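A short write-up of the structure that comes next.
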Amino acid sequence: MTNELNYTVAFEELQQIVRDMEDGEITVDELAIKVKRASELIKVCKNKLTSTEEDVNLILKELEN
Amino acid sequence: MTNELNYTVAFEELQQIVRDMEDGEITVDELAIKVKRASELIKVCKNKLTSTEEDVNLILKELEN
Amino acid sequence: MTNELNYTVAFEELQQIVRDMEDGEITVDELAIKVKRASELIKVCKNKLTSTEEDVNLILKELEN
Amino acid sequence: MTNELNYTVAFEELQQIVRDMEDGEITVDELAIKVKRASELIKVCKNKLTSTEEDVNLILKELEN
Amino acid sequence: MTNELNYTVAFEELQQIVRDMEDGEITVDELAIKVKRASELIKVCKNKLTSTEEDVNLILKELEN
Amino acid sequence: MTNELNYTVAFEELQQIVRDMEDGEITVDELAIKVKRASELIKVCKNKLTSTEEDVNLILKELEN
Amino acid sequence: MAKLIRTWNIEHGTSTFFSEINWLISSSVSENRQIFSLQQVVSSIRKTIEERYQSSYWVKAEMHKLNLYPSGHAFPELVQKENDKIVAQINASIWNHNFQRINKQFIQVVKEPLKEGTTLLLNVKVVFHETFGLSLQILDIDPNYALGELQREREETLKKLQAERLINANQLLDFPLLPKRIAIISADTSKGLSDFMKVLNNNPWNYQFFTMLFQAYLQGDVAAPSIIEQLKRIEKVKHHFDVVVIVRGGGGEVGLSCYNNYELCKAIASFSLPILTGIGHSTNMTVAELVAFRNAITPTELADFLLQTFHDFSVPVNDARKVLRTSSARLLETNKQLFSAETKHFKNSANNYLLDAKNTLVVTSQKFKNEAKTLLTRNREHLHFAQKECLNYSNRLFKVNREKLAEHVEQLPTKFANRLAKEQQQLSEMENMVRLMDPKNVLKRGYSITTINGQTLDINNPVKIGDTIKTVTYDFELTSTVLKKEEHDE
């Protein structure tokens, strides 16, 4: 599923989880699940950032020539 | 039975017991039972917290790499 | 018989006796009997308290660990 | 016979005798008998009070321990 | 005979005699007899009072102790 | 596709992308796509500057008619 | 200029002229006919005219044709038109030396050579030549008047275009982003064209233009129709072009009044492609230049302008690359920072959350323990209190009952004593009464009792004389016999 997530959606969901956590809107029971989800989202975002950077650099390098 | 209790339910029941105790709504006859119950609830909550903490720490550690 | 009495019932009966004594509604003839009863009730309550306290302490001590 | 008398009955009879004596409702013939009776009643009451007090104190003292 | 007379009976007879004497319906002959009788009755009563007093005082004295 | 692109449209689209990027209005998700698109547009535009498209003979033929 | 213009009154002139003719006719019809040789007659006419028109006159006329001959002489046709109909016409002549001078002056002042079809102010002399006939010899032409006329034509063209709302028409067209395909109206010999092409073709950026020359005359009377013709041709193939340029140059500043020509200007203004002009002159802008999409002073400048449009296009395209690089980097950097901040924030939040939850649990547990202990303590206190009360109330009960008992014990002897005293008093009262009643006590005071047969005497127990009666006194008992009996008066 996470593969289908785009950065924006993933990052917003991450922010929402953090906000909910801060506001105490997550129960202890949910916490592990939420943290797991957040870690997935973080990975998605990281990968997306890395792959985007690589893509962009490739395109730009190609453009220079 | 306690295994099936989730943290939220357990903690709320615990709080209710404490509140009842504060309000003097628990008789001496009930006390032992209530204390027993509360101690079970506390154990449930503690265990849940501990396991959650382990889960969370694992996920967070995994995230570092 | 006293063994069957619970703390609440015992304590209420005790309080009634004390109230009656306060109101002067007990005759000298009844007094000994009432006092005897009260003392029994007090014993019941004390025993109940003690046993409850032991139970509670045990549970609480167990909780510490 | 006096042993069977309770404090309340005894005291009431005593009160009656004392009340009756001055009003002349007791004949002179009875008078000595009544006074005798009164003295008996007084003894009964005194004994009762004393014994009851001892009992009560005993019961209560017993409770202290 | 007088010994058998109780104070009440004696006193009532005495009162009757005095009443009769006051009414003047008694002959002189009878009068002497009545007076004689009355004297006897007064003696009876006096003796009764004295004996009663002694008895009672004894009883009361006994009560003091 | 790029062959069909009118250079005016390409130029405007390029400028829009540039503006959006300068304004930071592009998400990470869009970035690679936008950069790719922009690089295509740049190629289209550059090509336009240095290419020749018209044929004198064709025009002369058209003029005859 | 006004003081130079002295117009010749044609009507007046005509009348004298015709009187001369009349004279000739009348003489020819006389009876004794005198025959003149043609030369005589023509000479006579010449003489008459020469006598009559000795001075020169300023005449306003349209030079219909110039008729310049290779000899350098010109024989213009002069006309006056009213409503497009010729109302007067005459031939004229300009001798070579005059023509050279006049033309030079003209070009100097008007920036135009003498031109057919224009109205001029001419200084003329009426001449009659035996073989060539009557003509006006043009001695001079006022260039200032011509200049004024040109100005007037310019104004008129402008006014008309204004009226037709065409003045801005070309300028309102969209200019192509890259004016790559250029239809050039020029002459292949024009230096302007070669300047223009040189700049375009030798650009160091390798910008590629497609140009196609549409040959036209660029000055003089022929220019306007020629240019219009080429515009029409270009119109036919306009989809191959982005702009039209009209370039001219190196031909000096003369002969440009054609660019004020209404027809040409209209054609330019209403053309469907932007028209750029670079006709190289430094004087007042012609109407054609005014209505063109853009005017450059020189073809070179026009070419530079076109190159500049390429630059204008090329620079942002080249910059876009830089922007892509920097903006991408910035965007990625920003997002990375946001992301790493959020990740950190997330970790902190998770840890804080757990810490909070643990603290809350600990606090609640502690509270629970305290409450349990408090509850037990409180109950113990209650119990203790109840016990104490039991004792207190018992003691109070004893005390109250003891006091009440004591009260009664105290009352018992008093009440008994009172009672006894009352009884004794009653008894002693009785005793007194009895004592008082006792007959013995009556006898003591001297009374006696008399009886008969043991009975006291009264009506029921009467006594008769002789009866034996018994009398009792306190001290004695007497027996007597009744001697006398008397009744008491009652």
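Letters A, B, C, D, E, F and G name the chains as they come in the text, with residue numbers starting at 1 for each one.
In this section, a contact is a pair of C-beta atoms (placed from the backbone, for glycine too) under 8 Å apart; a residue touches a chain by one contact, two chains touch by 3 or more.
Note that the coordinates shown come from a computational prediction; the quantities given were computed from them, not determined experimentally.
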Subject >> Most heavily contacting chain pair (counted by C-beta pairs in contact) >> reply: F-G
Original post:
So which chain is farthest from chain A, going by the mean of the CA atoms in each chain?
Top reply: E
**OP:** Look at both sides of the chain D and chain E contact and report whether the same residue positions are involved, with over half shared, or different ones.
**Re:** different
**OP:** Could you tell me the distance, in whole angstrom, between the mean C-alpha positions of chain E and chain G?
**Re:** 138
Subject >> Distance between chain centroids, defined by C-alpha means - chain A, chain F (Å) >> reply: 34
**OP:** Round to the nearest whole Å and give the separation of the Cα centres of chain E and chain F.
**Re:** 158
**OP:** Between chain D and chain F, tell me the centre distance in angstrom, where each centre is the average of that chain's C-alpha atoms.
**Re:** 128
Original post:
So which stretches of chain B touch two or more other chains?
Top reply: 11, 28, 31, 35, 42, 45, 49, 52, 56, 60, 63
Original post:
Residue numbers in chain G touching 2 or more other chains?
Top reply: 321, 324, 328, 332, 335, 343, 350, 354, 357, 365, 372, 376, 379, 387, 390, 394, 398, 401, 409, 412, 416, 423
Original post:
Considering every pair of chains, which are in touch?
Top reply: A-B, A-F, A-G, B-C, B-G, C-D, C-G, D-E, D-G, E-G, F-G
Original post:
Which residues, counting only chain D, touch chain G once they are in their complex?
Top reply: 7, 11, 14-15, 17-18, 21-22, 24, 26, 28, 31, 35, 38-39, 42, 45-46, 49, 52-53, 56, 60, 63
Subject >> Parts of chain C lying in touch with chain D, wherever the complex brings them together >> reply: 27-29, 31-32, 35-36, 39, 42-43
**OP:** Sort out for me which residues of chain G touch chain C in the complex.
**Re:** 365, 369, 372-373, 376, 379-380, 382-383, 386-387, 389-390, 393-394, 397-398, 400-401
Subject >> chain D contact footprint on chain G (complex, rising order) >> reply: 387, 390-391, 394, 398, 401-402, 404-405, 408-409, 411-412, 415-416, 418-419, 422-423
**OP:** Mind listing the chain G positions that touch chain B in their complex?
**Re:** 343, 347, 350-351, 354, 357-358, 360-361, 364-365, 367-368, 371-372, 374-376, 378-379
